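Each of the next two complexes has subunit A plus one more chain, namely subunit B in the first and subunit C in the second.
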Partner chain A sequence: MNRAVRHILRVLILPGLALGFSAGCTSLPASARRDALYNQQQYPEIRELAVDDLAILGQYDRAGCVAGTVTAGGQVFDSQYYDMAEEVRSLTPQAYFDMARVSLDMGRYLDAIRAAQNAIESGAMFLGDDEWVFQRMMSLRENHNILYKAYLYCGDLDKAAVHHRQYLLMNELVNSQAFKKVMANSLRIRMTSMRLRSDYQARRAGANRNQVLIAAATVAAAAAASQNNSSFKPAQAAQLAQIGVMAVALLEEYKQALKLEHNLDLAKLMREAADLNRLPPPTAEDLRRAKMASDLYLLARVSDPGSALDQAEFDDLKRLGAGTSDLVTLSIDDKGRVHVSGNLAKLVELSRKIDEAPLRLPPPPEEGVDAYLDTYLTPGLYRMAGLQMSTGEMQFFDRLVRRGGEEFVIDPAQAEGQMALQGLHKMMQKTTEFESWIASL
Partner chain B sequence: MSPAQRLVRNTTGTCRKGGAFLCLGRGLLVWGGVLLAAGCASTTLNRPRDFGAVVGREPASIALGEIRDNVACDDEAFYLQRYLEGQRVFYDCVLADRSDVRAYHGADLIVSGKIAPAIQTRRLGWGVFASWITLGGYYLLGGPTREQEVRIAYDFEVEYADSGQSRNYRFEDVRQATFGLYGPGINLDQKPGVYIPGWERLLYEICKETKVQRAGRAP
Partner chain C sequence: MKTRRDNQTRAVQPVQTDRWRRAARTLAALVLGWICGCAHTQPLVEPARFPDTPKNYRVGIAGLFDVNHFDYAPVMVDEVRRHRVFTGVELTPDLAAPDCDYVIRGHFGFYQVETKNSFHFTSIYFFGLPLLTGLPNTNHDGGIDINFEIYHRGTLLKTYGYRDVFRDQRSYLTVWDSTSLDLELRRMVRLLLRDVWKDFFGHKGAA
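Right, the complex of A and B next:
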């Protein structure tokens, strides 16, 4: 072999092969990027990406079933392949779920509720068949958990308790021995089906090449080729059918185990969990559990009793909460700017104290927990806790206060002005909730 | 022509906004100077200048209830929320709980509605004829052989907390594009871009109505 051939091998072929292999290895699901961004707490970017993933008009047929290939998140999915069918079916529920969890973390509870509701609805639509029951179960569990937390911080304890009960139910199913066994087998199926994907990608590349050649040859052939998608061989169809049969067999095994161990009917359970409008009302026990599972209760249990609010501090807070309704007044001038006059410094200080109060509750007693729950963990407390100021908002108002003066002007047309208006709205709402909560203690 | 009439109108063209560069490239390659001179008719809709009126006169927040089109798998309210946040007309835009759209938010406006898109593609007889006569040369050079029409009917219900009244807004957006081998220059059938003119019109109507309602109680 002469030097020229070796040179070509080193410069062109080997890097090409490396590039090809690396491209094959970086085939990640559409939601993987959002997961990475979630760890970096880049929430606005996740919302952008997730909304883009929803834009799939024309790729699904009108009944909501997946047909043919779907492009989303920069990838092409062919629903005829088991692993891709799983991904493509999860696209919409996963996009909604990502928006829900991001909204929850951002304190946008209503957005979280809406997104989780949509995730459950689209899960019923795309993951309704027997083959996808495990994915749907996991999706229901996570979304009911989000609904529980979001309703809790909206102050609707009844709805929070209903969703918490569903979450516990799904949790029980998912953590059962039978489920774990089935999931281990499922993983084996998934790994087997990965070969199909690489096969599919190679075939698709070949098909594309053929299409280009045909297009160059004749106009008619080009038109035909542009409409023709990848072929689906009978052997692959048989393999896919085999995988489907295995998945359903696993499900049957799981159903049997559930019936024997827990006396549960899985189909009925799933139907009930997905029907958000017909969930049974909560019992007193559900409400109690929902409160006791909340972050605020857990924090009160584990935090240092020395740092909890004592009676003197409660009295102090009561005094502060007595006359807070007229701390600031808003007026608008002809140019549309908002003038904030009054004691903004005191409002900001009070807001900081209100934010601290739910995190410094007295520790719950060993006995008589119900009385503690009724006294402290009221809907008003959760609403107050849900209206916590973000670090950015606090820094903004601290800066405004440090500037001094009796009146502040906010221009709503600017992004900072919008944040100021949102922050003011939040502080005023919070003060109202605080007044009623502290008065009832 | 009033701003409202200007917002939604029949449009015919082969490129628009982001697609303009792609279209221009194709035009240069295929048609040379011909498309450069005649093809790129911009269809960007005019925005009324008083969009900031709601925030300008008095801050307002908006809640989005159920907004559906004929594809059940996604919720149009998410696209509308992103659009409204970008416009900075309202200081807050939330998605309402579907089981109770009035709960928890206390927004000044609640919007719900329905969108009905209809997409029709038909072959242009003279384009096909020209393709046969030129043995495919006309088609390969990108001559138009098909026409696509998108007709979107919007039906929005808006509740104004200021007056306690509800208003219904119905309007239609019709747009057409002709294309051949290379497909339409406009993404006529892709969400959420295809709905933006309708949302612009809705926003315009809301701003106009809120301005009228709040005019009597200026600070």
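Right, the complex of A and C next:
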């Protein structure tokens, strides 16, 4: 029976699958695959695919010159077509961006910062030409947003404010009427290129078929057909070249509009936004806006005031937070195992309360918001919020505490041991931040 | 008495079952993909994800503009009303509308283009005869980049951005409509409602 099923699979279903794939029934463009995975929160797969894309760097020039065909994500991109060249040029910046947003969601803020910086740098390299201004602007906007959030939860409010300002600037610009013309232009050229490519491929297939038929009849006719066939290419190339010229010419026109409407030089603006080491320092207003745009402030605004921490709870937290730096001590033995001794139960309990605190801030007042921001939304609070324990980590430590005992041994060679170490590190770091935050209130 | 082979079979069985299950799932997805003929990167949020009772907030829609600055706000108003997430939804030109708790404004770029797929190109070599089978030979490739801004009393609180890329498969046998801008916008609005709900009211103690 099993053999019969296997036979049916081999004879009917697998060719069916092949036919399905050849018809392109289920596939989306390669660039969209990671987006779909991101929605399903399949982070390891995204990292795997992004790393695959980053490995194609060697296929084209490091200086940002894209020529010929590039293979990535199981797809071949012919860069002579505008839409495919667009995808090829976006491969590396997009792969870094995907790594950055995945790292941000997983709470790996330093990785997110590094990846977003790489995305901006590679964007300057591959999307530096005028015709890619739309893609580059969108990429800059998204990456500055990631940098803002990552720096915020690292507690570096100055850098967070700097990137938040860049994000707002890009956001405002992208939504301006002048830039929408750039966007419309980019979309129009993309659509034209896709349709032309499809037409060209259909005509080429027809010509090839005729050529094969004629070649089967006479060699001389085949030579003639070959000459006819080759006439497609210059025509196609001319058409594509025209599109490129049109793109740049229209962009020049829109850049003038941007200059008039917003008094902005687009090229200068993007150059400055990509020069991460020379971004102007934040003003007090930038810091204020960065804090007010954070999730914690937003949550404090919309939460039920009844659920916020009251004075008695703050006092209770102060009592709990005092002198907690030595709740547990760590030591490493000869075999590399980590020995944890001390009051783990109290540390876990405190950690749970610390996780709750940023989500239960008192509502901000209508007047005198600045004092509220200075008191509650400190770098320490953001660092605490950035070190929230995952449900899996909390369950793990709850189990450990229930088991009892004064000393635990963690073997970092095991996956569970790594999770335990990571969780412990988070809890200890969080406790230190909490101690200074609660003392300042 | 159990033999060694029995034990081996039992040990191997779950792995095989998993493999079959995975294969069945892939096959089902493929068949569905073929029948429905359309794939999106962003999911269509189920109405069940929204609350049963609406939140007591008034929300204003200050516009949903495309690249030509045409306003599609009525589509958004209709979709937000349909899911009854807020008690009041209205069109407003003012980002600081005093009678609205929050005002939403959106900007998007949308494209859709018809291209032929590899099945079509292959069919050309066979004088187009395979096309008679009715297998999809045309792709409607498209995408949308949309950005929503949430304002509170005129101050920008938060932005939400989504990018959906879709591909619609069609042949001369396809009877259902292709993905349209209206449907795409509704899909994006649902995503916004899901995320606004999660961020604003999804926490313990949210009002």
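We adopt the following convention: the second predicted complex is superposed on the first by the 363 of 441 C-alpha atoms of A that agree within 3 Å, B and C clash if a C-alpha of one lies under 4 Å from a C-alpha of the other, contacts with A are read in each partner's own complex, and residues count from 1 in each chain.
Note that contacts are C-beta pairs under 8 Å (C-beta built on N, C-alpha and C of every residue); 3 or more make two chains touch, one makes a residue touch a chain.
Since this is a predicted model, take the numbers as computed values, not measurements.
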Touching A:Ile438 in the superposition: subunit B (first), subunit C (second), both, neither?
neither
Partner chain in contact with A:Leu110 - subunit B first, subunit C second, else both or neither:
first
With both complexes overlaid on chain A, does A:Ala357 touch subunit B (first), subunit C (second), both or neither?
neither
Once the structures are superposed on A, label A:Phe126 by its partner contacts, choosing first (subunit B), second (subunit C), both or neither.
first
Going by the contact rule at the top, pick out the subunit C residues touching subunit A in the complex.
27, 29-30, 33-34, 37, 39-43, 65, 67-69, 107, 109-122, 124-125, 127, 135-137, 139, 141, 143, 145, 147, 149, 152, 155-159, 161, 163-167, 169, 199-201, 203-207
Which positions of subunit A touch subunit B when the two form their complex?
47-48, 51, 54-58, 60, 62, 64, 92, 96, 99, 108-111, 113-115, 117-118, 122, 125-126, 154-156, 218-220, 222, 276-277, 331-333, 335-336, 338, 412-413, 415, 418, 421-422, 425
Subunit C partner contacts - residues on subunit A that touch it in the complex
13, 17, 19-20, 22-29, 31-33, 35-36, 39, 138, 142, 168, 171, 174-175, 177, 180-181, 183-184, 187, 190-191, 194-195, 197-198, 201-202, 205-206, 208-209, 212, 292-293, 295, 298-299, 301-308, 359-360
Contacting residues of subunit B [partner subunit A, same complex]
52, 55-59, 61, 63, 70-75, 77-79, 81-82, 88, 91-92, 94-99, 103-105, 117, 131, 136, 139-140, 181, 189-192, 194, 219
